[in-house]
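Presented sequentially are two complexes of subunit A, the first with subunit B as partner and the second with subunit C.
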Partner chain A sequence: MADIIRQPLEQIHGFSRRCLFRVISMGSLPIHMAFIMDGNRRYAKKRGLEDGSGHKAGFSALMSMLQYCYELGIKYVTIYAFSIDNFRRKPEEVQSLMDLMLEKIKSLLDKESIVHGYGIRVYFIGNLALLSDQVRAAAEEVMEATAKNNRVVLLVCVAYNSTDEIVQAVKKSCVNKLVKHSEGRDRDIERIQLVDIEENMQMSVAPDPDILIRSSGETRLSNFLLWQTGNSQLFSPDALWPEIGRRHLVWAILNFQRSHSYLEKKKKQL
Partner chain B sequence: MDFNDPMLVLSSWIAQIVDFGLDLLWCFIHIVVSLCHIVSGTFEAIESYAISLGLIQKYSSIDIEKLKCLAVVMDIEAARDVSKVIELLQWLTTIGVKQVGLFDSQGLLKKSKDMILEMVPRSVLLQETGERDISSDRIALEFISSSDNKEAVVKAANILLDKYLKSSHPDKGEEGENVFTESHLNEALRVVGENVQGPDLLLVYGPVRSHLGFPAWRLRYTEIIHMGSLKYMRYGSLLKAIHKFTGVRQNYGV
Partner chain C sequence: MLSLLSIVLSLTFLSLIIMPCLFVSWRLRVPLSITNIRRFIRTAVSQCNDKEESGTIGEKEKGGRMPKHVAIILDGHRRWAEKRGLGPNQGQEAGARAVMENIKDYFSMGINTVSLFAFSTGNWGRPGDEVPYLMEMFERIAKSEMPNLRRYGVKVSVIGKRTNIPESLIDLIREAEEATKNNKEKHLIWALDYSGKFDILQACKSLAEKAKNGLINVEDIDENMMDKELMTSCSEFPNPDLLIRTSGEQRISNFYLWQSAYTELYFPSVLWPDFGGTEYLEALDWYQKRQRRFGRRV
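Let's turn to the complex of A and B:
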């Protein structure tokens, strides 16, 4: 009986959502949205759930967000899945997060997964050497398997810090300069330019984010995309990540549309 | 062919009407959003005046010791209004803030540095305070622009490049570990003349909540609050933002 009511309701819900998205698309849409998925643990505590359930609920919320971004035609989506700072959590919690990540990364390889259905290319951005061999191998497999997809790009920041990303880009730039110099024999070694660092940033595979949403009401970036968000509009809805929904996304995009011409003008000034 | 032309014209008309209808709906949604902003703005203004008049108890005392370093980021239009910047700094001095970094992307505030230091009582340039603590009645000011962001990192990178070349076996991969760490880049930024201290709180004066290109290296755990336009800034809103900051507890990812 419940199914008879639920299915048509879901269809009406989906139809009204697509109509709303159609209306919103009459204005400019962001090309790249970034999310800090904060509040999973607080959600589990609030609902009296066992440890780890908050992250599972968070994953469902993520899948919904990805679906909405896809329906809106947003090309790049970046998520802050695991920070280098998070390694300092209790070992059991870190292990359970790694296990969940491994399970979800492997599920992306399924033919029926959202990744293949929506033609998503997946990048894993971060200091992957800090991950276990299993998780790293799974991540590399997904990156390879989705390399030919081109409708949507999903960037998963794992074992990531903005400051670490900057240091790694500086390191690569220095190493490249030395390699070039040794190939060129006696020429003076070239100085590093901004373009060298920019092209060696791991996030250079995507344009800078237009919108960054951090759930749970916290107003800081916690070392996420600090280099790339100079022109990004920041939002901090109070909802915990598993509670995030269509209305938060729509509100952020409508406010982005209000400020779009200002942000475009600012980009040209730089 | 003759049958298809009217059909094409009709479907094109229908598409235009649908697009027009969607545009109207879009405008309607944006009118509703604007109304929401007007209503919330009105409530904020009323609350701000109540705070300024001391009517709301919890804002009457602020644990200002928690706020070691404040940064104010403003867009270009705001940065041109030096009198407003001076007024803001006078308010911050009254509240008891000891250290303020002022940022605008194009360095307009840097150009007005002398005037600001002259007009803000008991203000001093941060670089001139050195290692000693800023005395309780003074406010140390720092002037920051985009050149302190990515360009500074480039300069610091070249310092690390020189170190890397000098290290004994530059062609071996493992040398990189001794030269390329966050603390090395931090130190190189200091050598280049940059302040690497992260502000605890960043207040954004402008139309949009964005850090507008404030030095990325310093923003790790900074709380970012949008204050609206500098022209219509309110003392009560400033107090509220600082008070809210003093209540934040960070776990730094743990």
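Let's turn to the complex of A and C:
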């Protein structure tokens, strides 16, 4: 009985969502959206659940967001899954997060997973050497398995800090220039350019994000994509990450469209 | 007799309350209201609790503290001028006046460093005579404000590229930095032709040069080394705790990128020329309510 009611309701729901997305697509859409998935633990506490379930609920919210981004035709999605700072949490929590991550990364390899269904290419960005061998191996396997997909690009930042990314890029630029200098190919260290640093950034596989959404109402970057979000629109809905929904995404895109047209106008004036 | 005594007592009692309120209201140049008095009391109390230093990335902070370093992106002049049917230059003048009137109050709550994003590298492309007018305005302000800043004991530093700035302005800047270099309690950082990416690039070049000369190993380059090479290393508190961008635009626009890793970002919709003592107090009040975790559990 419940099924008879539920299925048509779901179909109506899906239909109304697609109509809404079609209306929004009339305006300019972001090419790259980034998400800081904050608030999973507070969600679990609020609902009186045990600690790990907040992150599991967060994962479902992430899958919904990915689906919406795919339906809207947003090509790049970046998520802040685990920061290098998070290693300083209690060991049990870090371990349970690592276990959850391993489970979810492995599930991406399934044939029926969203990754193959939507043609998603997955990158894992961060200091992967800090992860356990198992997680790192699983991540590398997923990157290889999805290398040919090109419909959507998902960048998962794990064991990541923007300052760490910048330091690694700076080191690589220095090494490259020193090698060229010692081989006599490049006289002047002064000629390190912005492009030298940028091409050595791990995030150089994607353009800069147009919108950065951080859930749970906190308005800070927490060492995420500092280099890349210089000109991104920042959006901080109060909803905790597992509570994030279509309406927050739509609202963020509408705000983006409003300031985007203002910025384009200014650019044309210049 | 008793009624006279009670009148005297109640008058004394009222004056004990009203006079401090009037003083606060006059001192901070904010309207007299219960909200503002409460904000002032909260910020004054947290100043007393403030014992540890902060500023380096990754250090733990308790809630309810005052920021040590406040960075402000001065945005909204042109919209302010357009609203009033004035030209963009008048908007700039109004914005400059807002800075000069409120500069003392920016340091009033025990805040040590204030950074002002006056002119970004991207602004050189502005149309018409806006850029020359701005440069001339900066010179005028530097000349007129220097005596005041010296009197307040403010150390002045100017960060950014200096290659495109007029020689006369550079001379004034050097003079100002030299004259105030020994001041300690208050530090004003003026970002002129500054861009966050350029700051990181020049730090990278400096490290590469050191590596070439054998002073350091490339392998040893880490976040602390980068901190020391960035232009904000002139400050005791290089990383802002609070970044305010007026006019409601919610982006950092290539201001402090590296330095804003853990900065609380506040985006009031007021336009810069209208940003005064009340709005600043609101920003500090908002900051105190934030819980800062630096990636760890609360």
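Quick notes on this structure:
Definition applied: the second predicted complex is superposed on the first by the 247 of 270 C-alpha atoms of A that agree within 3 Å, B and C clash if a C-alpha of one lies under 4 Å from a C-alpha of the other, contacts with A are read in each partner's own complex, and residues count from 1 in each chain.
The criterion applied here is as follows: a contact is a pair of C-beta atoms (placed from the backbone, for glycine too) under 8 Å apart; a residue touches a chain by one contact, two chains touch by 3 or more.
None of the values given here were measured: they were computed from a predicted structure.
Applying the stated clash criterion after superposition on subunit A shows that subunit B and subunit C collide. Once the two complexes are overlaid on the shared chain, A:R247 sits clear of subunit B and of subunit C alike. In the superposition on chain A, A:R151 makes contact with neither subunit B nor subunit C. Of the two partner chains placed by the overlay, subunit B and subunit C both lie in contact with A:S222. In the superposition on chain A, contact of A:L178 is made with both subunit B and subunit C. Judged by the touch definition given at the top, the superposed model places A:S162 against both subunit B and subunit C. In the superposition on chain A, A:R6 makes contact with neither subunit B nor subunit C.
By the document's definition of touching, neither partner reaches A:K46: not subunit B, not subunit C. Across the options 3-11, 111-119 or 165-173, subunit C meets subunit B in a clash only at 111-119, per the superposition defined above. Contacts of subunit A with subunit B, set against its contacts with subunit C after fitting on chain A, overlap at residues 83-86, 88-89, 162-164, 166-167, 170-171, 173-175, 177-178, 189, 192-194, 197, 218-223, 226-227, 229-235, 255, 259, 269-270. Subunit B makes touch with subunit A in their complex at residues 19, 22-23, 25-26, 29-30, 33-34, 75-76, 105-106, 146, 149-151, 153-154, 156-158, 160-161, 164-165, 170-171, 176, 179-182, 184-185, 207-214, 216-217, 219-226, 248, 250, 252-254. For subunit A in complex with subunit B, the touching residues are 22-24, 26-27, 83-86, 88-89, 162-164, 166-168, 170-171, 173-175, 177-178, 182, 189, 191-194, 197, 218-223, 226-227, 229-235, 254-255, 257-259, 262-263, 266, 269-270. Contact residues of subunit A toward subunit C in the complex are 41, 83-86, 88-90, 93, 161-164, 166-167, 170-171, 173-175, 177-178, 181, 189-190, 192-194, 197, 218-223, 226-227, 229-235, 255, 259, 269-270. Residues 57-58, 125-127, 196-198, 200-201, 203-205, 207-209, 211-212, 218-219, 221-223, 226, 249-254, 257-258, 260-267, 290, 294-297 of subunit C are the ones that touch subunit A when the two sit in their complex.
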